[in-house]
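By letter and in written order, the chains are A, B, C, D, E and F; residue numbering begins at 1 in each of them.
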């Protein structure tokens, strides 16, 4: 049996990752639309860990429809041939695994032991267009989870099998290249094309200074036309508020 | 650019709204069936705020498939032309916004700033056959939310755009007229045709006196045939229980 | 009106049920696959009571598309003719009700009063390829719930009606025979064919002794290839750990 | 191996069947609605033999999700145990086989040899909420076919297996009792509850005498308001036309 | 009972319609994309009359989910209140009726008598995001038909009812304004926003002169890179061919 | 701009292809199931050219969700970069193109010019988990077509773009390797793993000699139990028939 070799990804500088940490998936999706990318939201995987918010480079795993002539049926035969293990071998601190599981609801891509290993290596979270098994144990590990669901079935029990590692994949109708940057939170998981990440990060530093002021005003019943976006009429009021803020 | 004018709704008397507050969506759906309305449950939007229970008149918003010749693509161009803002302008204390978003999972109908404004005006909650963005922030506002999901995308990012305010709409395969009364809780959101609301309210006052007694008996292993509905055989037992209750 | 008679199920020995209590749905699904049953997971019903984990024999209820010539439309007419009541009459301590509700999202198979009775008789939980109504009250009863959702509609309000009790049914694309054993937890609900239950129980007693050791190692960043499955290279380390464990 | 016994159906009098031959599925569906049956159209199976129009009693066959412990996997093992054969054994001249194949698109319920036998016994046609294999050969036999599609797979190749013969089934979300009368044509296949068939047949004899006249007028550009339904204003014109007709 | 009044549409000049007759839906969709309209193809309705190719202004009809308090259940009650008749009253020679039937597969929007009238008035064809009944008779009338299917059910038998005439609608996820121009053929039906029609017509007159030449070459095994699009290398060959053509 | 290079496929010997020509997709699917491959039928693409029956090696084309940063939006920009052209460049006489178009109904993978070229090079047919445009013209070319539908949209108009040529793909939930053999007819298109093709071809030569006899008997009303499969009781009759046949 030949040994399996899969390639690693090119990771962006940690400083770039860090600069994206406050931006959120909603701002990312909106800004990328303005940069010409219509839709970067992986639809299908939903947040299973409310409040979790992660940013990191994508390790990718691709499943294919089962072909019994190409892949054995049993779970424990020759673990080293099972590519869902190999994607985890590449894990570095801060990585996110993104899986094209073909939307399959009858296969659990990873179980608790795999995810324990992934967590032990510093993995941040997973985005799967499909399911995990051992959901309760996996949830307890503290990873961020964006999934279609859970199932008791193991990963090759029914229709699909792991086919390739760190190749371009489609997940939730979005194309993800290995090394692209994932931003995932309660609004969902988005894929930031790595080349566009610096420009997106720049946007993130443009602080919308009046937004906090407007939010307060709106929550008090203020007029939307006046405060969002901030109108000229409201600007003196805002400037006064800002001055008061800086004094306190 | 001409200014946009949209009409307000006729609101029912607050006393009518109040009289419906204890009835719940399940009783409403059942009674309306008996009044000849087969199905008033908006299917698709599910409760995102467990325990929330609201009753109020419907402001309505209708989305349409995008037509680039009729609507500009960008988010911040001419806010006053964006009709999802206009439906909120009409908000009065106790109102509920119902949106026909065509079941779209790729557009966030409202974001946090819009919902902060809505909450500031006294809005109770929203029912959307689609999604919001900024879900975590919106959830924190304390509104009742019946949605299909969340998305990072903004409201015109992909397939749909806001087309009309306070017109008849279809939401979750139920037709909703502006001003109809919405009852929404953990079973879902139902639309009460406004003309049928008084009759429904009357039903709500018919207290099923023996129900509490039966519930206790059933929880202790009592016979369903005897206690639900209350049989003649169980009536003396019930009368005794009621007497004992009134003494205490 | 003739009285309705429905048959009870044959229940497995409590000792057999007990022997399956620690196994979990994931192990059950995997082992049954190895025994030749490709898929025992009822897809569609999802866990609505996180953390709940139940094992018990299946009472079954089958719905059919509505035929107005065969079944009256109103809710309260002749309760004794309504077969969803009859399946509950058979409830014994530890039973689980499994319902083929045809995936229908517009009918609430059971309401709070029915479930209060079921709970009072010692019922453990329900698996429905469909919905309940009165969800909040039912959840408060402490039953395990695997459902597609909730609805305010009652059980015959729209498209389906209860047709047969304790007959073979299809639920979530899995065939369930009355008396089969259900194992349900956060990964979902699986049906254990009753004849295969003893063999499955035997598997459950085969403790994978090194698994706890491996889990610790993996959580510390240990090599997946070395610790899962346990390699010969890791065995001395494991033996030492086990010795240490037994001393403490 | 015990021999398999399945029951036959009660067939309506041929005169009743004959009286329904001119009525068509559209009139049948409309009249049955007026008799209180909301929807008798089996949705899913579509006409695969344009122009075919058949009426006859329903033999029924029910498939279930595969259970490998209950049914062997191979095609040719013990043909006499295969229930899809047994439903055909009951075929009499003029019969129609209706199959609940669970909407499955990956199993060919019948192949050419089975259908040749069915045709040889005088079978009229089949309605399947699923597929056949050997479609080209079956089409050549001259049977009426209402199907969801065709597939090269045999009947137990993937997910389902034949479970019961001449029992109540659900096909295309309509409940069909064995012996109910099927009317199928280019609009689809409807199930006539056998008890309602005589009343439906009576309706069929009520000739709408003015309909031919109106059709001619409408095809010439006549006013819909005047000619359909026939207005009092048009009645003299119609009477004159009828008189002219009877002369020729 | 008040009489129902619905408005007519503004029709484009016949010369504009005529100028679009040769263009076809594929060229129209491609050119409109270049003009900024991403997708004008009404998905869902498919061609039911192979070879039919029509161009004309859109009369529109909108269905809504049934509300029994707003619309009576029976087919023949007060025909003049039924709006599906009213849209046909507006028919002029060359018109096309486009219907938002909400994708419903259980309602037959029009029957044979309605379509006979439509044909008699000079109607060209219909596009329905839903079904007709009396399919065989309607097909025989010679209209162009783009439908999701056929059903024996009448138009208000189950879930929907006609709500508005000649208003903006969504059909097959495309917004259609009354008076927009429909181009429909074997590739499907597209909606040409009426303001963009002249520019589209201009494109249609730009004859791609070398296309016929290239088609011949390709059909003979010519190199795609050379002949499509026409390369400089192939131009002399093309010029020679053209000269030869004009001589003959 | 770098030139695009894509690899060709390894083609099986023509004699192997020829030996599969009489077998048909139904026999192929059944035999491959017996060889351990559960399902080789590409579900989704349906036969659009009734009666067509083709066998040949698979050229493969993979589409991916659109990424505007990776692929330009316009149709005619840099044709040589468009990979749907490149898969056709490899066409040899007898080839079949199989396309993973992700089930997309809004993109026309090929138009008439591409298919004219393909036909000119000797291509036999196409299998697409999606659509073509210019359907009428393509149908006239005489190719075998297995498609999900037609659309007026061009191949990159909406959601997808061509990403790779002659790589492993998933089409209709079946994995297809470049060079696998496709058998497609009125039952659908199946993928024969190329290594299993010789064994399948051997099966094809095993003539079921009694099948023609049985078919005649069944068509005359013969007993299925006696004639299919051929029973010992029927064998003398069959032998007599065969003798008579050979005399004639």
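One rule holds in what follows: a residue touches a chain if its C-beta (ideal position, glycine included) is under 8 Å from a C-beta of that chain, and two chains touch if they have at least 3 such contacts.
What you see is a predicted model, and the numbers here were worked out from it, not measured in a lab.
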Intersection of the contact lists for subunit A and subunit E: B, F
Between subunit B and its twin subunit C, rotation from the CA superposition, multiple of 5 degrees: 120
Same-site or different-site touching of subunit A by its copy subunit F, using the half cut: same
Where subunit D and subunit E are represented by their mean Cα positions, the distance between them in whole Å: 32
Rounded Å distance, subunit B centre to subunit E centre (Cα mean): 37
Per-residue multi-chain contacts in subunit A, two or more chains: 38
Each pair of chains that touches, named by its two labels: A-B, A-C, A-F, B-C, B-E, C-D, D-E, D-F, E-F
Residues of subunit F touching subunit A in the complex: 36-38, 64-70, 102, 159, 163, 168, 170, 173-175, 193, 195-196
Residues of subunit A defined as touching subunit C within the complex: 74-76, 79-80, 85, 88-89, 105-106, 108, 111-114, 116-117, 119-122, 133-136, 139, 149-154, 157-158
Contacting residues of subunit C [partner subunit A, same complex]: 24-26, 28-30, 33-34, 38-39, 41, 43, 46-47, 50-51, 185-188, 190, 211, 214-215, 218-222, 224-225, 227-229
